[in-house]
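Letters A, B, C and D mark the chains as written, and numbering starts fresh at 1 in each.
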Amino acid sequence: MQKFANPARFLKLAETLLPPIWGVTILAFAAGLYMSLVTAPPDYQQGETVRIMFVHVPAAWMALMVYTSMAAASIMAAIFRHPLADMAAKAAAPIGAMFCLLALITGSLWGKPMWGAWWVWDARLTSVFVLLLLYLGYMAVWQAIEDPHRAALIARIVAIAGFINVPIVKFSVDWWNSLHQGASVFRMGGPTIDARMLWPLLIMALAYTLLFVGLLLVAMRSEIAQRKLRQLRLAGIEGR
Amino acid sequence: MKLIWALIRRDLTLATRQGGGAGTAIGFFVTVIVLLPLGLGPDQALLQRIAPGALWIALLLSVLLSAERIFQADYEDGSLDAMALGVVPLELVVLAKAMAHWLTTSLPLAVVAPLFGFLINLDPQDILPLWLAMMLGSIFLSLLAALGAAITVALRRGGLLVSLLILPFYVPCLIFGVAASRASELVQPSLLILTALVLASFVLVPVAAAAALRAYLK
Amino acid sequence: MLASAGRGEGIALPHASRWVKRGPMVQLHADSLACQRGGRTVFTDVNFTLSSGQLLELRGPNGAGKSSLLRLIAGLGEAISGQITLAGGNGDLSIGQQAHYAAHQEAIKAPLTVAENLKFWGDFLGGGDMAAALAAFDLGALADYPAALLSAGQKRRLSLARLALVPRLLWLLDEPTVGLDANSLDRLTRLLRGHLSGGGLAVVATHAPLDLTADATLVLGTAR
Amino acid sequence: MDWNAAHIDFVIAAYAVSFAGLAFLMVFILLRDRKLKRQIATLDRERDRRDG
C-alpha cells in the first residue's frame, strides 16, 4: 500500500536547509579554487597539469558516491515503501551523471599532456565510463515508463542491479588492464600526497558534495511538484 | 521440477514450430563476422589477432538482438498473468524462460560460432578453448538477456533500452570470455571466474527479473 | 496491504487435489478496498464477503474497475488501501494460487494444438485432468488442431477449459460469456453450478446475465 | 601558479569545462524548479476559480 508520505515536512526541511547550503558551497568553492590554483605546489614531474586532479578526482568520487546513494535509496524504498526515497534516487541521477561526465572529460584532458592520447584505456577511466552507461540506463527507465509507481519499481531494480555490477566491472577492467598494459602510470600524485595537495583536494570534494546536496533538494522539490502537477491535471480531466 | 520442465518443453516446441529463433540469430552473427574483414581489411595477421574477441562480440550482440522476445509474447497473450498464479514461484519461471532462450538461441550460436572462425582466420588451436568459454558464457548472456527482457516487457520500443541496460553487464563476461578463449591450457583463472559469473547470475538474475515482472503485473 | 501478496512462498509444491477443501467454511473477505490505475482512482471503499458455494456478480459500465477488482483479488494488482483475505483456504498459498483468473486475454499459444495448450497448463499448474477439460467445452474434436485455426468462440472455450483442467477454490471470471454460443454458454453455466455446489467460490464480471442467481451483486463505477 | 608553464591550456580547459558543466546543471535544475512552481500556481488558481 503506497500511502503518499506528506511532502510538506520535506519541503519545509528543504526550505530551511537550502540557503545555508548554498552559502557554504560558495565558500567551499572559493577556498578550494584558491588553494588548488594558487597555494598548491606544481608536481615535480607533471608540473602544473597536476592541478587538473583537483577537479577530476572529486568528480570521480562524486560519480561513485551518488550512484551508491541512489542504490541505497532504492533499497530503502523497496524495504520501507517510502516514495520520497524513489524520488531522491530519480532526482540524484542527472546530477551523478554530470559528475561522471566531468570526471571523464577532465580525465582525458589530464591524459592528453601525460600520455599524448585523449583517451587511454586506463582501468579507472574505463570503469567510470561504464558507470556513465549505468546512469544513462537508469534515467532512460524513468523516461520510458509513464506510470510513476511502476517506473519507480523498475528503476529500483535497475539501480540495485547496476550497483552490484560496478565492483564486478571494476575488478574485470583492472584484471583486463593488467593483462594488456603494465599497471597504469597514472599514479595520483605519488605515494604520499603532500599536505598542500591534500587540503585543496578535500575542500573541493566538500564543495562538490555540498553542491550535490543542494541540487538534490531542489531537484526533489521539482519531482514532488511534477507529481502534484500530474495529479492536478488528472483531477482536472476527471471533473469534465 | 516437472512443472519447470513443462515450461521449457513448451518453449522449445514453440521455437521449433515458429522457427526464426536460432536462425535469425545465427544469420545476424554471420553477417557481423563477414563485415569485419570488409571493414578492417583482409590482413590475415590482424584478423587472427582479433578473431576470439570479434567472435565473442558478435555472439554477445546476437543474443542481445533476441533478448526482447523472451517475455514479450507471454506478456501480451496473458500467459504471464496465468503463470504468476501458478504454484511455481515467478523466479523459477524466469529461470525456465532464460534456459529456454539459451537452448533455442544462445547455445546454437555458441556451438556454431567457432566454426565461422575460419572466416576471420581464427587460429585452429584456439577453437577448443573458445568453444568451452562460449558454452559457459552464453548461459550468462541468456540470463542477462532475460533480465533486460523482464525490465522492458511492456514497453513499446523496449529493444533500444534493453541494449543500454544490459551491455554494462556484458562487459565482465566479454573480458573473461575472450581471455579464456586465448587460453594456452583449457582450464585456467579466467574460465573459473567466468563460471563464477554464470553461477552468480543464476541466483541474482531470477530474483531481479521476477521483481521486474511483478512490477508490470501489478 | 493485500492480506497475502501474490508471491508463492511455498517451497514444497502442493499437488492439485489439496486445494479444494470440502466442508469447513471458506470465506473471501474484502474491506474498504481502493484501487488506482496510472494515477487515476478506479474505485474506492469496496466491501464484500463471499462464502463457500456463493457467486458474486460484478456489474458496472466499462472502465468501472471490474477487471481491476478481479486482478486485485488474484494478487495481480496492488490496492492503495483496504485488504483482501481468504479464510479457510490453503494457508501457505496466496489467494491467486488458489484461484483461476479467466481474463480477456486467453493465454493460448497459436502454434500449439488445443491438446498441447491444455497439456502445458495441466503440467504447469501441477497435474491436470485432460479428459475433463476437453469434455467440459466439447473440445475433443478440436484436440489436434493448432490453436491458430480456432475461431474466437473456440479460443474462448479453450481458455475456459482451464477451469475444468485443474480444480481451484476460487474462480475469477472476466466477462466469460463474450463470444460463446448458446451451447457453450449452457456448458459454462453447468460447470459454474457444479463448482459452486462443490463448495467453490466465484466472482464473475459480466454484462450478459447468467441464468444463475447471484448470491451477491456489486455495482462498480456509480460512485462518481 | 605559473601561468605560462607547459600544457597550461589543459589545466584551464579542465577547470573551465568543470565549472561550465556544474553551472549548466545548476541552471537546468533551478529553471525547471521555477517552471514547475509557476505551472502549479496557475493550475491552483484555475481550480480555485472553477470551484470557488
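Convention: contacts are C-beta pairs under 8 Å (C-beta built on N, C-alpha and C of every residue); 3 or more make two chains touch, one makes a residue touch a chain.
This one's a predicted model, so the numbers in the text were calculated from it and none came from an experiment.
In terms of C-beta pairs in contact, the better-connected of the chain pairs A-C and A-D is A-D. Placing every chain at the mean of its C-alpha atoms, the farthest one from chain A is found to be C. Averaging Cα coordinates per chain places chain A and chain C 48 Å apart.
Separation between the centroids of chain B and chain D, computed from CA atoms only, is 42 Å. Distance from the chain A centre to the chain D centre is 16 Å, each centre being the mean of its Cα atoms. Taking the mean of the C-alpha atoms as each chain's centre, chain A and chain B sit 31 Å apart.
Contacts with at least two other chains are made by residues 214, 218 of chain B.
Chain C has residues 78 in contact with two or more other chains. Within chain D, no positions touching two or more other chains are listed. A complete list of chain pairs in contact reads A-B, A-C, A-D, B-C. Against chain D, in their complex, chain A makes its touches with residues 33, 37-38, 42, 47-49, 51-52, 55-56, 59, 94-95, 98, 101-102, 105-106, 109-110, 112-113, 211, 215, 218-219, 221-222, 225-226, 228-229, 232-233, 235-236, 239. The touching residues of chain C, when paired with chain A in their complex, are 1, 38-40, 78-81. Looking at the complex, you find that chain B touches chain C at residues 2-3, 6-7, 10, 13-14, 17-18, 73, 76-79, 81-90, 214, 217-218. Those residues of chain D whose C-beta lies close enough to touch chain A in the complex are 1-2, 5-8, 10-11, 13-15, 17-18, 21-22, 24-26, 28-30, 32-33, 36-37, 39-40, 43-44, 46-47, 50.
Those residues of chain A that touch chain C in the complex are listed here as 1-3, 146-149, 230-231, 234, 238.
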